[in-house]
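Per-chain residue numbering starts at 1, and chain names A, B and C are given in the order in which the chains are listed.
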Amino acid sequence: MSALSWSSVFFAVVRREVSLSMKQKGEVLTPLFFFVVVTSLFPLGIGPESALLLRMAPGVLWVSALLAAMLSLQRLFAVDYADGSLEQMALSPAPLVLLVLAKALSHFILSGLPLVLMAPILGLQFGLEGRALGILMLSLLLGTPTLSLIGGIGAALTLGVRGAGVLLSLLILPLYIPVLIFGAGAVEADAAGLGAGGHLSLLAALLVLSVFFAPLATTAALKISLE
Amino acid sequence: MLDVSQLKCVRGERPLFDGVGFRLESGKLLFLRGANGAGKTSLLRILCGLSPAESGQILWNGQPIAELGEAYRQDLFYLGHHNALQEALTVNENLSFYATLAGAVPSLAETSHALSQLGLRACQNRLVRHLSQGQKRRVALSRLLLTRAKLWVLDEPFVALDHAAIELLANLIAGHLSQGGLAVITSHQSVTIGTQTPQVLELRA
Amino acid sequence: MKTRLIHWFKFSSPQNFYVLAGRLQPIFTVLAVLLLAVGLWIAFFVAPTDAQQGEGYRIIFVHVPASQMSMFIYLIMAAWAGVGLVFNTRLSSMMASALAPTGALFALLSLVTGALWGKPMWGAWWVWDARLTSELILLFLYLGFLALQSSIDDPRRADKACAVLALVGVVNVPIIYFSVKWWNTLHQGASVSMTKSPSMAAPMLWGMLIMVVAFWMYTIAVALARVRNIILERERHTEWVKHAVE
């Protein structure tokens, strides 16, 4: 298969995922609503004191975004696995790694990007303003693709397994911790006047690492699940 | 040419079959028979490279399929029990996706022609979920008309088809064989395909 | 263990390894008990009372070796799982499965002893310092491994999936540790440090070393016992197991 057909396969998978989600809008919007609801829980649980909320904002927003991104992970491969499409994709002459990358990109577009766009609105609720919101968006923009890539590993490992949803969370959350630390840290560092550059660079580094290694692990896990 | 030797399959710590071997030349058909649970589907999946065999060797044109990788998958078409169709997409969308996946450029004219041969011309732009079981199976089989694969591995392809469709599929397979293709099929029904007598492999549990 | 398998391939068959493990296990059990006794005796009776921390510090004789063991076992478990995945050897995967619960136990022990040390010393049951937090995350990784294993019915698929998970975990552990350290220093976290053990006098170093070796003996003994059980369970359809169990 030529490189040209590889790219058409890649975009065909992305197009397919996006058009499927367009037809089932609920599945895309539900994690977004979850994001909104969960962030609202924190002030309700901790109290409306604005100074406290401002301090908590980066962590709360990041944790909620992380959980929302994780919600839609199970569907990444499960539907295709159930109806036999995943098998056909594995039997395609195109490398499975390519398809995994396409799936991860689709997941980012459908669940990560909406979170990035929603975050500033929620940030305002916590008293974040101007540049802090910008850093928040940038950190989420760099972090959510990594979450999609790492999440793919968990989704592939738990295909067709009992209790897959909760198990997936248990497997992935420890791996998400570095992204969380650097993501929330970026906003905090900026607020403390230390500059977000270091944190953002580390997020970018994690993204590059995930792009190279996560699809390999996901492909291995998919082949194991398809046996 | 497909050359299989000393194939052993283990499922859940229990050996399913052992010492399975056969040789399939161009233009030949292999009927895989056996009771339910004997391992027919497992054997087909091993042939496709989806499942690993415990031991044994599968050669395609003289080379192990594990080494061939992409080249083998290019020559292979597999249809299992699932139709592998996305219910929320239209028939056309499904077929053009699979055409792209196989490395071809999807052509509306070709898919139309293939669908009309199976009596599904009218269903082109309908969502798959609105089709009947038989129609869905025929859509899945219409991919056979669009593939350039040399080796067809079909698991119970005649299930859920009416007489006309069964005859159509049998002719399709016969046509493929006469052009030098190979086919491995499992079926509970006895169907005559073409004029030659097929090879038969019986799997005993 | 690894050298044995490389030189004597016949022990890579579960049946032969079962017999070997059965012969070795009592030796390691005895060693474990002896060394544990010596180590604890040094910890409680020989090591002098610390000027600053009084008697409570003695728990580091358990805490520090336990932390080290939890880390080492994870590495070894991942290595065995990786070998099982690449070479498709069943016994390697069984060894990984046998080690996992012990590793998790040491992680938990490390956390508990850390808390027991912390409370009288610093007044809190838990502090979010880099080492304890990383230990907690390591425990999560172990729990994930164990959960995945028990969720997948097919043993071979479970072995391979857990191998992928363990290898991904191994790659991530340094990243996680680095990020947690970063997080800790940035937030000027606990000014208390669990790593600040009192200056070590010679008998204390000996005691620590003996405890580490004792834990190693324990780990090997328990892993051998566990892997024997796993072998029996996995191979229960074969003739030799039916004879062995009679």
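Keep this in mind: a residue touches a chain if its C-beta (ideal position, glycine included) is under 8 Å from a C-beta of that chain, and two chains touch if they have at least 3 such contacts.
Because the structure is predicted, anything quoted here is derived from the model rather than measured.
Here A-B and B-C were compared by C-beta pairs in contact; the pair with more is A-B. With chains reduced to the mean position of their C-alpha atoms, the one farthest from chain A is B.
Nearest to the common centre of all protein CA atoms is the CA centroid of chain A. Centre-to-centre spacing of chain A and chain C amounts to 32 Å, using the average Cα coordinate of each chain. Averaging C-alpha coordinates per chain places the centre of chain A 36 Å away from that of chain B. If you average the Cα atoms of chain B and of chain C, the two centres end up 48 Å apart.
Within chain A, residues 227 each touch two or more of the remaining chains.
The multi-chain contact residues of chain B, meaning those touching 2 or more other chains, are 52. In chain C, the residues that touch at least two other chains are 156. Remark: chain C residues 88, 153-156, 234-237 touch chain B in the complex.
Across the interface of their complex, chain A is touched by residues 137, 140-141, 143-144, 147-148, 151-152, 156-157, 160-161, 164-165, 167-169, 171-172, 175-176, 178-180, 182-183, 186 of chain C. Contact residues of chain A toward chain C in the complex are 153, 157-158, 161-164, 167, 170-171, 173-175, 177-178, 181-182, 185, 188-189, 202, 206, 209, 213, 217, 220-221, 224-225, 227. Interface of chain A with chain B (complex): residues 1-2, 5, 8-9, 12, 16, 19-20, 23-24, 80, 83-85, 87-95, 226-227.
The residues of chain B lying in touch with chain A in their complex are 48-52, 70-71, 73-74, 76, 78, 80-89, 93, 97-98, 100-103, 105.
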